[in-house]
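Next come the structures, one after another.
Note that subunit A is present in both complexes that follow, paired respectively with subunit B and with subunit C.
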Partner chain A sequence: MKGRTVIAFAIVAAVLALVPQFLNGYARSLLYITVLYVALAYAWNVISGYAGYLSFGQVTFFGLGAYTTAISVTRGNLPWWEGALLGGVISAALAVPLGYLMLRLRGAFFALGMLGLAQTLQVVANSWQLTGGGSGLFLPPGSNALPAYYWTLAIGLLTFAATLFIDRSAFGLRLQALREDEQVASTLGVQVTTTKVWAFVISAIVPGLLGGGYAWYLTYVEPVSAFATRFDLQAVAMTILGGIGTVWGPLIGGVLMSQVSEMLAAQYPQAYLMIFGGLVVVLLVFLPRGIAPAVSAALARHRARAAQGHR
Partner chain B sequence: MHAALIGQLTIDGLLVGGVYALSALGLNVIFGVMRIVNLAHGEFVIGAALLSAVLFERWHANLFVVLPLAFVLAFGLGALIQRAFLRRLPEDLASAEATSLLMTFGLSYFFVGAWLTFFSGNFRSVPYLTGAWTLGPFSIAQARLAAFVASGIIAVLLALLLRYTALGRSIRATSQNVQGALACGVDVERVRTLSFALGTAIAAASGCLLILIFTVNPETGANVTLASFAVIALGGLGNYAGTLVGAAVIGLAVSFTGYFATAQVAQAAPYVLFILVLLLRPAGILGKSGA
Partner chain C sequence: MSAPLLEIENVSRAFGGVRALDGVDLRVNQGEILCIIGPNGAGKTTLFNIISGVMRPSSGDVRFQGESIVRWSPQRIAAAGIARTYQIARPFARLCVRDNVAVAALVHERTLERARRAAQDVLESVGLATLADRPAGSLTLTQRKRLEVARALALRPKLLLLDEVMAGLTPTEIDTMAAFIEQLRERGIAAIGGVEHVMRVVMRISDRIAVLDFGKKIADGTPAEIVADSRVGEAYFGTSLDDVGAAPPTKGHS
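This part shows the complex of A and B:
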């Protein structure tokens, strides 16, 4: 089982790495966007799905990564991937104290605390000289798309592997325990604070790293798109569609919705917001656990029936 | 710093605070009865604000016509949302809270998109009552004073409703103890619907007043939600007297940062205060500790 998982993982990784060679520019950009959105959904799923702390501001770290990269390239003459790596490091370093502070808040307080954080950083980016103010920073254009894709793919695969690990590990069990009841989890010996801060750091470092790739891909960074809360709306909608707090949920939801998302967000932003916002509401009423649990339940039924047939 | 300037900014801040207080009262009514923080609250405020701006542009519609209209429309919309979606929240309290947050988060974006469709992304305001009265060294903007007074009247009406009517008693009973209210024959489902509708309608009323003072577009709703939530977080959730104190603090913060920094920084001021207070006094300024 373990070996088979590794082999399957390696095959998928190899295919995703080779596919861009056979695609035109438009299909490549769709592939990049899909991988990016799926990875962002996986990152959100750790703190909000497994740990149950609903964050509507993980885009904070995405914007932080994008700006760190843009500043490193334009003002520090670093290669972009060093800037992107730095973005991840800064996100992680910031997530530790921020996690200790914010995760003392629960429910709406945490959710709005994170939402406001993203908005506040947007104001900072808008008013600060270092970040280029409202007009943002421009990176050298060129053949940026492919390197950004490989960067995003590598991080996406790592995030998926991390989720696979979390789902099967004692750490994941601790997260789910504190999601169900923090006090009981604490009584049972779970180091609640340490556990949830770890989850928060994972959910921060991933968008922090991805933001750099996005800045390099777009070749510019500006406050509104870097700290766009729509990235969180997207992560929420995709993860709920696929199945919140599951291994396959973000992948299923992300793959299904990325194309729709990209097409609508650029051309019909109003319809985009109505469809994604409405989708979240409707899913919570009619399919609150998402597609993945429904599929695995159907598979289990099928297996049971097959086993009965053999007898 | 000049004393007259401080006085002026204090007056401006307190007058705006009245409108924040009204919006926060709407949020608080919903939270009290349903234990839901409505993340789409700001969108209802902004929707009504934009509606009144458009009606003013087209037909020069008077505030006293638009406010009741927005109130009634929002009441119906709120009742509809509660009946269609929020009523179906899971029974279990912890997952009901999570689901309600996700659901109202989705609703908030749905309405941002809807308002962008109806009203476009333009910033709008209502140039109504643009004059000012002079009072010694201070000037009192008529629009601010009107918004403050109207907010006060609506808040008093709300207080009377809660205190003296059968509905008000049912709302308070449900806020205190759902089981007890059920045992006394209160139709809790109906109370929830009416409370959500009432909270939404109050949000709309505050929106009609807010636009007398500020310029808004569909994307400023999240700031209003944050500011309203900051007000009740400062005052303590469910604490109506605390709401007034919280609103005064937020109003002053917005007024002073708006003058000494930029209007944009002023939008972030409620949030920064909110975080500071939550971290230092999680139960709010007036709240009992340990909540």
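This part shows the complex of A and C:
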């Protein structure tokens, strides 16, 4: 079983690595965006799905990574991927104190606190000289898209592997316990604060690393797109649609959302958002916990029926 | 005589103007079963919240094995050997029954696999083993009460705080739970039970009984002494214990 998982993982990774060679520019950019969103969704799923702290501000770290990379390249003459790595390190370092501070808040307060944080950084980026103010920073253009894609793919695969590990680990069980009832978890010996700060750090490193790739991909960073709430909303919608707090949810929801919305946009450019929104609502009415849990429940029923048939 | 396992000294807790606990002193010895009786609102749950570290007292001290624990976090207190259950069972609803218990077992076991095995053993001992794979949210009230106890036991406690574990159970289930609590004595686990009703059982299983009334401890003694105490009957029932049919004491008289 374990070996099979590794082989499946390697095949998917190889296919995703090779497929851009056979795609045109438009399909490549769609692939990049899909992988980016799925990776962001996986990162969001750790703090919000497993730990139950809904965040609307993980884009803070995404923007931080994008700007760190842009500044490293334009002002520090570093290779872009070193800047992107630095973005991940800074995000992690910031997430520790920030986690201790923000994770005292629960529910809507935490969600809005994180949203406010992203907005604050956007304002800072807009008015600071180092970040180029409202006009942003330009990176040297060239053949940036493919390296940025491989960077994003690698981080996405790592995040997926991390999710697989978390889902089967003591750490993951503790996260789920505190999601279900934080006080009970603490009286059962769970180090609640440390555990959730760790989850927050993981959910910060990943967008921090991805932001650098995004800056390199666009060759351009400016406040509005780097700290766009849209990134969080996409991650939220994809994860909830696919199944929040599950291993497969972000992947299923992410692929479905980006492909279907793209198809609809091509077919009905005027009305696609309306149709798409309607589809999501209908799906969630019938599958309130998302697609992945519904599929695994159906599989379990099928297996149970098969087992009975054998008797 | 060795030092008591738990010493509660002059503990008070106020909520606004209301004194939920008012200068309560209490001690529990190793392996002793103490029942705290008192009507709803007498302060039993507040006391459990303070001992388990979920709440801090306004004043007073709590010592466990000689060390003051009032400033400790709940997880530190749990790891040190005080486990509690909740009056209204609070299972991790979306986790399976085994994982509910494994969370607590992780305090002693290094890997998740071993914690799950330890959890299975505990479930066996409380009669929930066959439900191990079910989501905890699907359990009945009785099963939830047992799960509360199983999770607490997985911490391998020296002291178990049982908040109304008998409330809502049928007479047969109450007897099963009572037998279970009496077993704790043999395993050297002390227990504090908070009980509003079921005096018959309390009289039978307790080494000692303390009575809380409006946040004050009004009596503390063997079951026989409590029954004989006229203040208790008046405060608790508005009448004497004999009249409400409390069983004659079987302990402390023999």
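Everything below uses one rule, namely that the second predicted complex is superposed on the first by the 283 of 311 C-alpha atoms of A that agree within 3 Å, B and C clash if a C-alpha of one lies under 4 Å from a C-alpha of the other, contacts with A are read in each partner's own complex, and residues count from 1 in each chain.
Operating definition for what follows: contacts are C-beta pairs under 8 Å (C-beta built on N, C-alpha and C of every residue); 3 or more make two chains touch, one makes a residue touch a chain.
Everything quoted here is computed from the prediction, not taken from an experiment.
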Counting touched residues of subunit A, say whether subunit B or subunit C comes out ahead. B
Check the residue A:Q119 against both partner chains and state whether it touches subunit B (first), subunit C (second), both, or neither. first
Touching A:R174, do we find subunit B (first), subunit C (second), both, or neither? second
When the two structures are overlaid on chain A, which partner does A:N77 contact: first (subunit B), second (subunit C), both, or neither? neither
Once the structures are superposed on A, label A:V192 by its partner contacts, choosing first (subunit B), second (subunit C), both or neither. second
With both complexes overlaid on chain A, does A:V184 touch subunit B (first), subunit C (second), both or neither? second
In the overlaid three-chain picture, which partner chain does A:N24 touch, first (subunit B) or second (subunit C), both, or neither? neither
Residues of subunit A that sit at the subunit B interface in one complex and at the subunit C interface in the other, please. 180-181
Within the complex, subunit A is touched by subunit B residues 37, 39, 85, 88, 90, 94, 97-99, 101-103, 105-114, 116-117, 222-223, 225-226, 229, 233, 262, 264-265, 267-268, 271-272, 274-275, 278-279, 282
Complex contacts: residues of subunit A adjacent to subunit C: 168-170, 173-174, 176-177, 180-181, 183-192
Residues of subunit A that touch subunit B when the two form their complex: 52, 54, 56, 101, 104-105, 107-109, 111-113, 115-117, 119-120, 123, 126-127, 180-181, 229-230, 233, 236-237, 240, 269-281, 284-285, 288
Across the complex, what residues on subunit C touch subunit A? 52-54, 73-75, 77-79, 83-84, 86, 90, 92-95, 99, 102-104, 106-107, 111-112, 115, 151, 154-155
